[in-house]
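Each of the next two complexes has subunit A plus one more chain, namely subunit B in the first and subunit C in the second.
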Partner chain A sequence: MEQLIHQLYSALQNVTGFIYPNEIELQWSILIVIYPYITGLVAGAFILASLVKVFNVKEVSPTYRLSLLTALAFLIVAPLPLLAHLGHMERSYEIFLTPHLKSAMAVFGFVYLWYLMVVLLLEIWFDYRKDMIEWGNQSRGLKKLFYRFLVLFSKDTSSEALAFDKKAVRVITIIGIPSAFLLHGYVGFIFGSVKANPWWSSVLMPVVFLFSAIVSGIALVLLLYMIATMLRGEKLDMRCLDRLADFLFYSIIVDFSLEMLDFIHRLYQSEESIKIISQMVSSRLFVSLIVIQILIGTLVPLGTLFFIKITSLNEELRRLLYFLSAILVQIGIFSTRWNVVIGGQLFSKSFRGLTVYKMELLGVEGLLVGIAFLVLPFIILYVLMRILPPWSSPGPGADENSSKQLQPQTQP
Partner chain B sequence: MKKEKNTIKRREFLRKLAEGASAAGLLWLLPEGIAYGVFVSEHAGENAEHYYGMGIYVDRCIGCGKCVNACKNENNVPREPFFFRTWVERYVIFEDGEVKVDSPAGGAEGFPPLDSEKTNKPVIKSFFVPKLCNHCDNPPCVQVCPVGATFKSPEGVVLVDADYCIGCRYCIQACPYGARYLNPQTKTADKCTFCYHRLARGFLPACVEICPTRARVFADLKKRSNPLQRLMRLAEVHTLKPDLNTEPKVYYANLDGEVR
Partner chain C sequence: MPDQVKRLSVIFILVISALVIVRYLLIPPTFGKLGHYRARALEDAKALPVKYAGREACLECHDDVGDALGKSYHRGLSCEVCHGPGAKHVKSEGDVELVVPGKRKDCLRCHQFLSSRPTGFPQVDPLQHNPVKPCITCHDPHEPGPPRAPADCSGCHTTIAKIKGVSRHVSLKCETCHTTKAQHKLDPRKFRASIPAEREFCGKCHAKKAKGSSDIPQVDIRLHGGRYLCWECHNPHNPQGE
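Moving on to the complex of A and B:
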């Protein structure tokens, strides 16, 4: 508590204008920035996976399983920053037992469980069922038992069973797309429905969240695909990369247009809060919003991808530019989340003043814990990829474009 | 022919059923306040013996800060100047239209002399505005609480169950008035209760009791003659941020338009 009070006194020095005295403490910190960022990656990665199964975009099929595992790894971590942020973590189960159903937040647990249990786990299970049976057959001892357990002791690899798997995956994906929309649109709604806060209160918020989620998900899987393929010493499938970059390009355009629409709408409507919001954007949020989010995180990658589209660069240069663009997009989307969550708390609801957010280094709400939550999904993903390899190792004469059709790896 | 008639009836019935179900579904989705506004508002607090509200005579407040201290003492509010169940703001309106607002330490120690006394900038008027939870009839904080730890009592008082609150702070974000804070000791949301524990014993809230100029009046709206009725009859009455449809039950007499 003493540390908090000390922090608040130093924040008090940086307040400009008038803010309500209870507003000096910023309520939602870096952890609540990370939460929508991570959920966005889950939804985005899943929607990328659905391109393969529902929309039959064959070129991106090398990333199908990787997308699913990425979504799962990030979904496992998604609720952790929320939990860590609660004043009473030990009471969090109340959200399941006695949810107040008129609260947007109360639905979180159910949306989350639905997505985890009904969509992701089921889809991954059906998609990997045949492989898991074979991995079980090819291993011995504990490992065999482990895979037998994972596949829930199913043994049927008849063509009817496999056809059923395929059908099940398709049906789940079809259910999964609206679920992914629900998962992240819902996160947007948590902010968009707060009428007390003009920076958040916008009917576009869920839609903007959704499209920025798709942008970040595609960019992340593109990065992971490039890194994983390089680490495996394989050759990148350029058709897949080009197609991913296409989708990234178009989704950035939609996302950016929506954000600009929101921006122009605010300026044009010019409501009571416009003065303080303009003041905030041109001072406290200038670097994170104008420079990082819009310039570095959106316009530069958009321009780069456009440049690649209209010129015929060689593969190596294209790879490099894709990689850099995807990294910039990640930085951009992270600052989008930052600007929403932190930005919404930097101005007073009296519309008369601004406050500051000073992140701690240590402590539960600190930078280090934040970084840990951002690194954790990659560790989980690594483990998942060891247990359920998304690609089979290429045998002689392997056709890399249809690597999914290949025999599964013998030693996962 | 007969059969056809039956079919239409059945279809009609199913349609009605569907309409009814969707209407009920929509109603369920409505925030408490709207459902309240439509169906209950005129009978607010119908089953309760009391229904409370507060009135504030802005002209009477002298900014002494006694209410802020009385509240902190009565309710164990942390002494540090970042946690308030009630506070006092000072508004200074200058001749050139500039408005300056301050509330040093929530007004607990009174207010320092105006800067303008140094700068000699002409002032049109200056006044104090006590603030507290508005105990809204349509409270956004109650709507957003994921576990229902914050609720409206039958007497119309918005309360927090500190043994139940999970400390997610969504209610603090949802309050348009900055009336809530996270109590650093209990790690739960905290706010004015109209001194509910005192009301139950027939006492007035501490801030009302201590006010030397009777700037704050407290009333049981169930009683036929009460000081709030007098305030409403004799003064221009305003509530804060009425456009947000929160329907506050703290009523200000002669409030300036600059106050938010």
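Moving on to the complex of A and C:
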């Protein structure tokens, strides 16, 4: 109790204006910022994968499998920040046993399960089936058994079976696009439907979340593709990179336009909350919203990508600028999530005062746990890439030197 | 049906069957009958032993204490808030003793200063308010008014006094801004202190050309702050704070 009072006293030093006592301390912390960020990356990476299978964009096919594995790695981690925040992770399965269909948060469990089991795992399974059979045949001992188990002891590699796999992947991807929209649109819906909070309550919220998800997903896969290719000592496919950058450019334009539409709409409506929101944007959120999200995270990469499009820079410079733009986009989208989640709790519902968010370093809601949740998907992705290499190779057990000679797989 | 679909179907059937079995085993039979909870929980709750007797039961024997309490500031409190559950005490006709709180921490549970408690609710800083001395030496919990009228305002308005004590308004007496009748100290809720209502009041010191030290910040009292009143932005007890 005394510790709590001490915390409240220190928070009170930074409170301005009038604020209700229960608003001094923020309840949704850094973990709730990370949750929509990670979920957005899942949806974005999957939408990128669908470009190859549904929209037939051949240039980005080297990133197809990488996108799927990225989506899976991040999807596995996506609910963890939420569960850590809620506490009692061991009870989370109960959401499936006694479904509460009138609760949007409870329905998320099913959206998540659908996306994991029916979309991602199935698509990856069908796409990798032939390769897993081959890797099983080439391996020995436990590894052989592992791959045989992964492929459910299937051995059929006839042309009919492979044609079926291909068709199945296409059908699942078509189902997957609305599912990905549902997955991240839901996250926006959760915030957008809080009608008591003018910073969140907006029908545009799910759409804005969706497009920012696409932006962050494309930027992440672009980064991962560049890093992974460099680590493998391969040459980057510049056609693929240019095309990815194109999609990134267009999706940033749509995302930014939607966000601006939302801002203009709020300003023009000028509801009673506009004064405190303007005050918050110009003080508490100035750095994270105006400087990081809009300037560094959106306008700078947008300008850079536009500059690359209208000039004919050499490959090396383009690679460097793509890399930097993608990093800036990631920082920008993270601060987008920050500004939504934290921003929505910084002003009093009396519209008369502002509080501050003091992040803990240690503890479940602390910075270190947050960083761990951000690093964990990359570790899972590394393991997944070891088990299911996204680029064609003679098998995970094959000679390392020989695998370096291989080209990225264009037609899985 | 292609071979791979058959194999996947087996997995899906296994997963769905497992879910059905787990649901059958783990969901309590009465779940969902009345709402999204276990209906039998109501029966279980009803079956729990009753621990509280209720104020009426206490008054049957302790009507003298009840009369005093009914006229005091503690009239809204049930006896068992301080004395603990009394069902056993009532049932045993007094053989089972009740809790008799007498330590400082018992009173501080409600009266320790907390910023979220309403203004006017008696709150003390235990380090400053007669430290070490048990509260009941001066206050009768059944008639908890102060034993004597406090000498100055800080006796009750500790928080404000503490905040003002380190602010630029430290030298101002409370009476500079608030006027009170003498009875306020004895019956503060009936005889309330006055509160300034117009910005011109602050203007007595803070308007341009107002008399006073050149250190006093002075503004155009008609235009400064638009349509807001002074205390909507400045806390009069801590005017230099944000």
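Criterion: the second predicted complex is superposed on the first by the 379 of 412 C-alpha atoms of A that agree within 3 Å, B and C clash if a C-alpha of one lies under 4 Å from a C-alpha of the other, contacts with A are read in each partner's own complex, and residues count from 1 in each chain.
Simple rule for what comes next: contacts are C-beta pairs under 8 Å (C-beta built on N, C-alpha and C of every residue); 3 or more make two chains touch, one makes a residue touch a chain.
Fair warning: this is a prediction, and the values are worked out from it, not measured in the lab.
When both complexes are superposed on subunit A, subunit B and subunit C end up clashing with one another. Look at A:Gly233: by the touch rule set out above, it reaches neither subunit B nor subunit C. Contacts of A:Ser350 after superposition on the shared chain: subunit B is touched, whereas subunit C is not. Counted by residues of subunit A touched, the larger count belongs to B, out of subunit B and subunit C. In the superposition on chain A, A:Lys195 makes contact with subunit B only, while subunit C stays out of contact range. In the superposed model, A:Pro21 lies in contact with both subunit B and subunit C. Touch criterion met: A:Ser92 reaches subunit B, while subunit C stays clear of it. Once the two complexes are overlaid on the shared chain, A:Gly141 sits clear of subunit B and of subunit C alike.
Legend: residue contacts after superposition of the two complexes on their common chain; A:Leu8 is shown touching both subunit B and subunit C. Judged by the touch definition given at the top, the superposed model places A:His100 against both subunit B and subunit C. By the touch criterion defined above, A:Arg129 reaches subunit C but does not reach subunit B. The contact surfaces that subunit B and subunit C form on subunit A in the two complexes overlap at residues 5, 8, 12, 21-22, 98, 100, 352.
Per the touch definition, subunit C reaches subunit A in the complex via residues 2-5, 7-8, 10-11, 15, 19, 22-23, 26-27, 31-32, 36, 114-116, 232-233, 242.
Partner subunit B is touched in their complex by these residues of subunit A: 1, 4-5, 8, 12, 18-25, 27-28, 82, 85-89, 91-92, 94-95, 98-106, 108, 190, 194-197, 344-345, 348-352.
Listed in rising order, the residues of subunit B touching subunit A in the complex are 28-29, 31-32, 80-84, 87, 89, 99-103, 105-106, 131, 140, 143-148, 164-170, 172-182, 184-188, 244, 260. Taken together, the subunit A residues at the contact with subunit C in this complex read 5, 8-9, 12, 15-17, 21-22, 96-98, 100, 117, 122, 125-126, 129, 152-154, 156, 160-161, 164-165, 352.
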